[in-house]
Structures are given as C-alpha cells and as structure tokens.
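Just so it is clear, A, B and C label the chains in written order, and each chain counts residues from 1 on its own.
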Amino acid sequence: MASRKADFSVVGHDQPRLDGAHKLTGRSLFTDDVVLPGMLHAKIVRSPFARARILGIDTSAALALPGVKAVITHADAPKLYVGIEQPLFRHTIVNYIGDEVAAVAALDEATAAEAAALIKVEYEPLPALFNIQDALKADALLIHAKAKGNIAWQQAQDLGDVELGFANSAHVRTDQYTTHASHNCYAEFHVAIADWSLPDKLSMWTPTQTAILFQKSLAGALRLSDGQVRIMSLNTGGGFTGRTSVRPHHYVAAVLSRKTGRPVKIRATADEEFIACRAGGEVKYTFRTGVSATGQIKAFEADISFDTGAYVESQMIVLTLTSSYIHSLYKIEAARYSGRLVHTNNIPYYFHHGGGLAQMAFGLGQHMDALARELGMDPVDFHLRNGVTKGYTSMTGTFFGSCGLAECITKTAKQAGWKRKYGKLPPLKGIGIGVGAMASGAKGVFKHDTSAAFIKIVDDGTMSLFVGLPDMGQSSHTAMAMIAAEVLGAQASDITVISGDTDIVPLDVGALIQRGTFNTGNAVKSAALDARKQLEVLAAGRLGVKPSQLVFRDRQVYPKGQPEKAIPLKKIVYDTLHSREGRFVMGRGFYNSPKDSGTMAYSFGAQIAEVTIDPDTGFVTVDRIVASHDVGRAINPRIVEGQIDGQVFSGMSQVLYEETLLEDGQVMNPSRLDYRLPRSYEMPKVEHIIVESIDPFGPFGAKEVGEGPIVCTLPAVANAVANALGEPVNEMPITPWKILQILGRRAKG
Amino acid sequence: MQLPPFAYHRPASLDEALARLSTAGDSVAALGGGTDLLINLKLRLERPRALVSVRDLPELAGVSLDASGTLRIGAGERLTDLAAHPLIVVPYPGLAQAIRAVGSQHVRNMATLGGNLCLPTRCWYTNQSENWRGSQLPCWKTDGQVCHVIKTAPNCRAIHSADSVPALISLGARVLLRSSQGERELLLADFYRDDGIENNVLAPGELITAVLVPPARVRSTFVKAAARTGLDYGYATLAGALTGSNRVPKSLLLVAGSVGTMPLVLQKPAQIILAEGLNEAGIEAAADAVRDDLGEVTNLFTPPGYKKRLMRGLVRRVLHELRRQKLPAAD
Amino acid sequence: MTRQLITLIVNGDRYQVPVAPCETLLDVIRDRVALTGTKRGCTSGACGVCTVQGDDGRAVLSCLALAIEWDNRPVTTIEGVAGGDELHPVQKAFLEYGAVQCGACTPGLIMTAKALLDENPDPDEEAINEALAGALCRCTGHIKVKIAVREAIKAMAADAAPEDGHGIQEG
C-alpha cells in the first residue's frame, strides 16, 4: 500500500504558490510588460467580410505616414502557413471576418493603428456559409477546393460488434445536442514580442502552454532550425486550452521584426480577442446507446459534426478525443463513431476550456441521465453500474491502474443528500449529477510525451529546478518544487523554479492534455532522486549506513528511525562540493510513458449541482455544487481545490451564460462586457471532496486535476436544470429565453 | 483600444463651460465620468474635436432639499455617492436601487448622474469595430437609411439602457438644462425622444445641471433583469412608484427600460391597478396586460418574444414589492 | 499632438510627465512611469485588471481615466499596497487562501478589495460581491477570492482590536 500523507513532509500539505507574493505585488512580468530597445508596435489589417475576393491592396498611404516602418502583405510571406491550410496573409479570397490581409509596424501603437486604417483593401463580397447544415448541402459552394463537400476531415470507426450490441439491448435511446461557440477569455490578452533583428535567431516573448510546440511551429514555418527559435514565456495569464499553438499574430510579429530589423510587439484589442484568436464553434452531437434491462450499456454510437470554421488546424485531435472519451468513463463492449469537421466562413474553431470534451459531456451526460430515467433507474446507480474500475482494460487498450470513480460518485451523492433530494424537490428546484474522466497526458502530438528536468543544488542548501512546463496559473511550478523538495528533504521554498526560456530549460511537451503533474512531475522526481543519489554517497559514509537506509526530511539527513543523528542537508551539500571530488550536485531526469500511444492514468470525478429556476425571468441560479475529484494524490490540496473551483465556474458558465454570438460570421458580442461571463454574484457554494486513489505510475501517486472537474460540471448543471424544468434543454447555453419558452408552453399546455 | 486625439478643457465655472460647449456645436462633448464616452471614442463612434470636463464644476455638485421638499441632485454627482445618500436611500429606495444597478462599483465611482441620463443608445451593429462597421450597409447611426435590428424601422431602434432613468421618471423627476442662452426645466419623461440617434432634446451647447425630484410620500422600487448582477446591460428593467394605499392607490407610474429607444411608461398595467387596487388579482391582470402595452420592442441582445415574457414577470415582481413595501417614514 | 506637463503622484512618488489629453491614466502609469503591475486588459472598463485607487480611496478604472485629469491627485497602484516587505492583509489572505492563479487579474482584484476595505472595514456578502463584480477572474471563478477577502476582513479586525482581545470580531 502506498504511503499516507503523514509520511510526507511537503507533499499533501497546503503550500501557498511560490510566485504568489510576486503576483500580488505587481512584480510579476507578463509579456505586455516587456519593453525592448527600439521596439516597434504592430497592427493587423483584417477582412471585415466573411468571404470576399480581394481586388486590390493599396498600402501607399500607410507607408507614407510618418513613423511607419514596414507594411507587409502576402507578397512578404507567400509560403508561410498558419497550421495546415491557412496562408498567413490572404491575397485572393478571404474566408472569415478577421482573416489577415496585411500588417504594419510603426514607432507606436497609435501610429500603427492609424496606418492600418489607411491600408485600402478593395473587396468583392462573395456568398458565404455560416452553419453546418448549409455547408453540407450537395450544392453548397466550396470554401476550399480540396475539401470536397466542405468536409475538412472525417472519421468513422467500429469497435466490437455494434449491431449485435444494439440487437442485444433491451432499450435503445437516441438524443441530439448542440453546443455553440464560446471563448477562453483569459485575463491576459493575446500578445507577442518578436525579435528577429538578426537573421540567425528569432526570440519570441509570448504567453503559451507549450513553448516546444511554439518553437517547432515557428521554426518550421519560418525555415529556421528549432535551435534558432527561442521562446520565452514569462507569466502566462490563463490558458484554458487556448494557448496551445502559434496564432497568426505570432508570425506577423516575426515577419515584421525580420523586415524592420527591430523587435516588434503586437497585442490584441478586445474585439480581436474574439474575432481573430479562435474560440470554439458550433458542434452537433447525436448519441445512441443500447442498454440491457438492468441498465448495462451494450452498445454506443456517436456522430459528431464540428463547425470548424474557415481553416482547419488541429481540430482533428478534438474530434478523435471526443469520440473515444466514453471508453475512459464507462465499460463499453461495442462502439461506433463517425464525425466530421465542416468548413464554414465562421472564425476557425480552436480549443476552448474543456478541450471539446466538456462540451460533449454536456450532451453525453444528459443522454445517459435520460437513459437512466427511461429505465426507471437512479442515475447514480446507472453510473456506478457502468463506470470503469481499477484493473479494468478498455477495448481501446487503456489499463486503469487506479480508479476512484465509484468512490467519487458515492461520496458526492452522500454529501449532497442525493437520495433525500432526487425526485423529491419542489417545482423549479433541481438536482443533477455529472461524472467524468480525464487523461493525465497522452502520446499523440509527438511519438514521445517527454518531460525533462534538471536540478542544481547550491552549497547553502538552496536549489534551482529547471523545467519546460509552463505555469498558466495552475500552480504547476509550486507542485514541481514540492515534488523535488519531498525527495530531497528540502522545503518547497528552498527551490527556485526556472522555466519559460527554451534556451535554458529542458524539453517538455508542455501544459497540454493535463500532463504536467504526471509527466513533468515524474521527470522532476527522477531528477531529484538523481541529485539525492549524489548526496547519499557522502551522507551514508558519514552516518555509517547504507544509502537505502537514509531519510531526507525537514532539511536534514538521518538514518531511518534515528532522527537524533541528523546532519543538516546543507552541510551534506557543502561537504560534497568542498571535498576532494568537488562534486557539484546536479540531478537530471526525464519521463516518457512506456506505452506506444494513449494514456498512463485517468483521473475521475463526480459533481452534483442544485439549481433554482426563476419563473419570472427564466434565470437559473446554481445554489450549490458538490465536487469530488480523484486526483490520485493531492500534491497541494488547496491548489487542487482552486483548480476544481475554476473549472466549476467555467463549466457552469458554459452551460448557462457564455456564448460567442455569431451572425453571418461576425461576433456580435466581442467584448468582456457583452460576452457574458458570470462573476462574484453568480458563483455558488462549492464543496470539495478530494479522492486519493494513489496511482501506481504517478509521482507520489498523483494524477491530473487540470480539466477533469470541468467535464463533470457541465452535465451536472445541465441535468439539474432538466430536473428542475421537468424536461431537458438539448442546446447549450441554456438561456433564460429557452427556459421561459418552455415554461410558457407548459402553462398553456 | 486607443483614444483618438482631442483637445481638453477644464473650465472653472459653469459659465465658462457653457461658453466652451456653445462655440463649436457638435464637435465638442461634455466629459463627465468618462465611463461611457471614452469607450465610444475608442470605438470611434463619436469624434469630438474637444472634450470639456464638467464633472467637478461646483454648480453641478450637491444633493439638497429645498423649502418645498424638492430634492435637487447635481448632475456632476458620482453615482456611488448618490446610491448611498440618505436623502435618496430612505425616501426613494427605487432610485437608490436603480443607481446601484448602473455599471459596476468601479464605474459608479467615476460616473456622474448627468452622464447616465445622457447615455447613448446601444446596438451591437454599431458598438463594434470601425473596420467591421465600415463593411456593413450604413445604418441610421452611420448616416445610412436602414436599421439592422428592425429592417422596416423608419429610424434608429438602438436600445436605451440608462438604469437611473426609469426610476427617476417613475418619481416624476424634472431636469434642469443650461446653455449660454439660458436655463429651462422639463419633465425627464419629456427629455427623451423615440429615436436611437437623436435620443434626447438636449440642444447643442446645452448641459444638464441638475435633476429635481418632487416631494412625495411614495413607495418605489426598481428591478433589473440582466444576465449578471453588476456590470451588465439589462435585458429589461422596470421601475415603479406608487402613492396611496394598496386598497386605494392614488397614482402609479411603471416605467420600463432597455426595451426600446427610450424609457417606456406602461399605461395599461397601471390603469388596472388604479382601478382594481393593488391586490393579487390586480397584479396578475396587470402582468397579463403588459404584452399589449409594450407594442414593438427592440429585440436586440435577446431573441424575439423574450422581452415581453420577461416584462410580464418584472411587472409582477415590482407590483408585489410595492404592495409589500412600507411607506418611508415622514420627517 | 500638444502635450501638457502634469505631476502624477503615484504611491507617494511625484513624476513630471508630459501627457496628451487622449492618453489614459493606464497607459501613462505603465508606459511612462514604468509601473507595470497595473495590467492592461479590455481597456473599456469591463474586466477590472487596470484598477487603481484614486485620491478618494475608491477603485478607479485607469483605462477610462484621462491622465490629464490626474494632475496632482494621488493615485495608489498595486506597487504601493504592501508596506516594504510586509504584504498587506488582503495580499496575505489571497496568498494563503489560494486566490491567486494566473495573476493577470490579481493586481486589479487586490486594488478592488483594498478600496472596498479602506472605505468599509466590515462589508457584508452583498458589499463584497458588489465590489468584486467589476473585476473578472476566469481562473478562480471568484470563489477563493471571496474567501480571501472575508479572511482579510477578519485579520484586519483582529489587528485593529485592542491588545487584550476585546472587540475582536468573530467571523
């Protein structure tokens, strides 16, 4: 049995984030805070049309404006592509409102903006497509010649005998769901500074979740070697899956910097955040599930259509992940997926909070709830009956080395008073459950899923830990310091975490697919063990015991069971350096999952939401959320709670509030005011239950808490609303008007 | 977003300010708290050549009662101060609620009452980037001949959403307007026009200096239905002010906001209450009657049908609150 | 563009800065005075990350304030909140109770909370919500922020109480 919290002096204890005081006093640097000598400011000229032919671009007036240093168009970067099929600048046809046409660099931002407005682009507006149905019509215009039928990518797969599964089902239910576009809404807006003033090195400061992908993408597109691109992410003001790849503005800054020989800063305005920086698009889901008379899932079928917008990039990953998601949650014997990415002239679809899985869970969770109700089964029992368990191997080959799903469900139900409330609440009050699972990292982006770490220990006992994992707010750096501190018997505050500069830090795939704690954590643990091994030589000799008998704890080293013989850790470090060998202690480690593909560990959760509907306004108030999450082990419990909180907020916000409202390709609410994120008043009480299933492969048994909770929140809130309303709303967000419409119809009928 | 260049004046007296405002007509704008004007400037919705700061003019300051009991509120008073002012909170709870419904506390710390009364109408076809606006068929606001919200509309149907206004109108408030030509006083209800552009009767060079709330022993309340509490434009708002008893109400003004280009006085629901009394049956009848009374609403920010359904709920809510409320104690 | 020389008083320090009328307090504080703790967000008053404290102690949106109107009027920014190395009780509570995540909205939230408590040392739930509603925080969903503000109120009340412990408020 794995060790308990009491066995650790750092891990499992609340540790305020190490960079907290910096952030709280305004000392923390974000990209927009950086000013480089000679730095210029850039603005992008964007298409105001959803689809149009460019008849001409006249840059002469802009170039004549004093203070303008460069204007670039397609001619300056004819072979530069953003992702797969989006040229950096358009010169023939623009495909969405916001499509880049030109850019300008000037001495200051105001001049750049003035110059951008002076660039005259003549357009001939063309017919355009704005939804999946129209785009899939046989006679629809083709947005990209290569994408026949406007289908950018599609997949179809059968696992097991699906027909037999449905034939053996006592009940089969089909439901359809729609989710609409939404946006990540990070506190820090999109910004980049490129310095490519000398041809052999491009340095870029920008917030990111993955410096390595930025480095590789920029190098590839700009025909540089990886080592010629240096990414520096200072603090990153939120990610929510939205800062995982290079966006057009990054390339624009780089090209302008090369052209002018000066550093160039570019930052998004409030409306550009929505128009040009890619949020989520409309998705249509059809789920069909067959179950036995006792509620066991016999077959499952999912058909998913994404409005992928004008250009496709990495959205295939979203489709693949959403299709196979169900195997991480339920024991499935037969499954069929079909899905497609459909081009429209909307803003290109990109990842948003929940990575597509949470949005799908809005539908999937309601579908399973409806299925349980149809069977006369309590949803709690349904999830318990079908949920994956420890030791199970799914038909997709995932082995569940740890699984706290059942524990999450039963504990959450107990704390929420489920049995007392479900089906027994007064009208317009509702309770609902959502369950979910989430991977801790996965191979797929690369063949490897490697994270590496270095640690150096100075002879005063302080340490520097070098990791490539960014911290977008999730407190990953503090968690990494805690893992190293636990191994080395130090305190987390003894460790400075160095990150964010690809010239300095070792490789890390980044904060993607919730891999930080698991992958980088394992790498850090390995590096710390390597450093400890170097210290054990001297310590074991001094104490006259075998290295395996040493305990490193509380800044001391002592033989197991004999703390009175302790030698201060820093003395061991000092003496190791100031010895004849003169060993400077440097530990190194890396972690890559031993699997060829997929995920080593899944975390699990269950949430129960209680809501009240206001019949006068149609507003839904979330009164209470009980959220449990199986994190394997909570490295830093209060931070785990904070991760749960943020996802509960985002999840309930997506169900009830948020929507990027699109009309003929234009975002109608492109501001932090009109994009309706809830705030202080709207947040419910959140109760946390942390379940520790101690994963055999995770560092100290830990798994992710990065996006696991949000996949539970969406179905929990949606099911609670359905419970209060007496019927489900199959479209997200669930707006007050949909609610009043249903209540009005009921009053009449 | 950056502000366009403009000249800036901070006159020391009202007369000097009025002189400044009258010299260049439309291309000079009065600057109060700036919380709306500066956003519109950043969006290039307005392009004044000069801003005249009027916020700190002594003539626009002060909250006081005159001998007749009329409450005078200086137009330069900050909303935060007004929302907590004893001369407002106790006798006019509806007004205090409405003022607190404007923006966020941050905004109210800066914004003035005069600024809120002059808040331009909003529309998401115009409150957009200049680049996109320029690609659209010009609407009334951009010197065109079409309304993107109501295609058949003969003028701009952008939404008026200054939350303090319905409450003030329900209380029978009047405004004092000054220009270098002189002073005039009119009912706030007569200050607004049913046009999203020429939204009020303020003449070039004219400035609101004060709001006058007549003395009355009145029950009053205000509700705002917005997606979020704090810092949001309402889907709809409703202010109500009532004199008399529940059994024999003497007067009732119900004023809706965020439903059209100007605040709307709801006639039928009020008539029903005055005829039936403020009781359960009367409230239900009044709520049912609101639909016809609303006529054409601007379905902007919400889909068709919702505002009318919502307003039914708000009428019910306001009337229940008025019925429950005790008359503020007399001095 | 004509510029006028103004005296900006930030955290007690006086800066002579030439400003054009169209320059916001936010831009001048960040770009000219080089205090970048005050963050640039939506620049239209909806996100609150640019919040500073004005001369009346209240929260001000520096993105909607003209620098020229702040001539000789003291402003407090995030850099002026802590006393030397000692964090302000609001900052301490944010740190201890996990109310800081990405940190981009944090300066604005701290200024908002400090302005609230400076004016009203014992705000109720409604007053806390009212103040915080002007500032967006995607990471924390405001949940731990509200907890931190309540804890800061308790800590400040305890600090303000007499030595013998009388008058300490129970939370």
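Here, a residue touches a chain if its C-beta (ideal position, glycine included) is under 8 Å from a C-beta of that chain, and two chains touch if they have at least 3 such contacts.
Here the structure is a predicted model, which is why all the values come from computation and not from measurement.
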Chain pair bearing the highest count of C-beta contacts: A-C
If chain centres are mean C-alpha positions, then the most distant from chain A is chain B
With chain centres taken as the means of their Cα atoms, state the distance from chain B to chain C in Å. 29
Measure off the straight-line distance from the CA centroid of chain A to the CA centroid of chain B, and report it in whole Å. 42
Among the residues of chain A, which are close enough to touch at least two other chains? 269-270, 673, 677-681
Could you list the positions in chain C whose residues touch two or more of the other chains? 43-46, 129, 133, 135
For chain B, which residues are shared contacts with two or more other chains? 1-2, 228-231
Chain A-facing residues of chain B, complex: 1-2, 124, 128-132, 134-136, 225, 227-233, 235, 301-303, 305-306, 309-310, 312-314, 316-317
Residues of chain A touching chain B in their complex? 46, 48-49, 97, 109-110, 113, 117, 123, 269-271, 275, 614-619, 657, 666, 668-670, 673-674, 676-682, 736-737, 740-741, 744
What part of chain C is in contact with chain B in the complex they form? 1, 20-24, 43-46, 48, 51, 54, 58-61, 64-66, 68-69, 112, 129-131, 133-135
Given the complex with chain C, which residues does chain B contribute to the contact? 1-8, 10, 31, 33-35, 38-39, 42, 51, 53, 80, 100, 103-107, 109-110, 228-231
Chain C touches which residues of chain A in the complex? 16-17, 19-30, 32-33, 35, 184-189, 235-238, 240, 267, 269-270, 472-475, 638-639, 641-642, 645-646, 648-650, 653, 671-673, 677-681, 683, 686
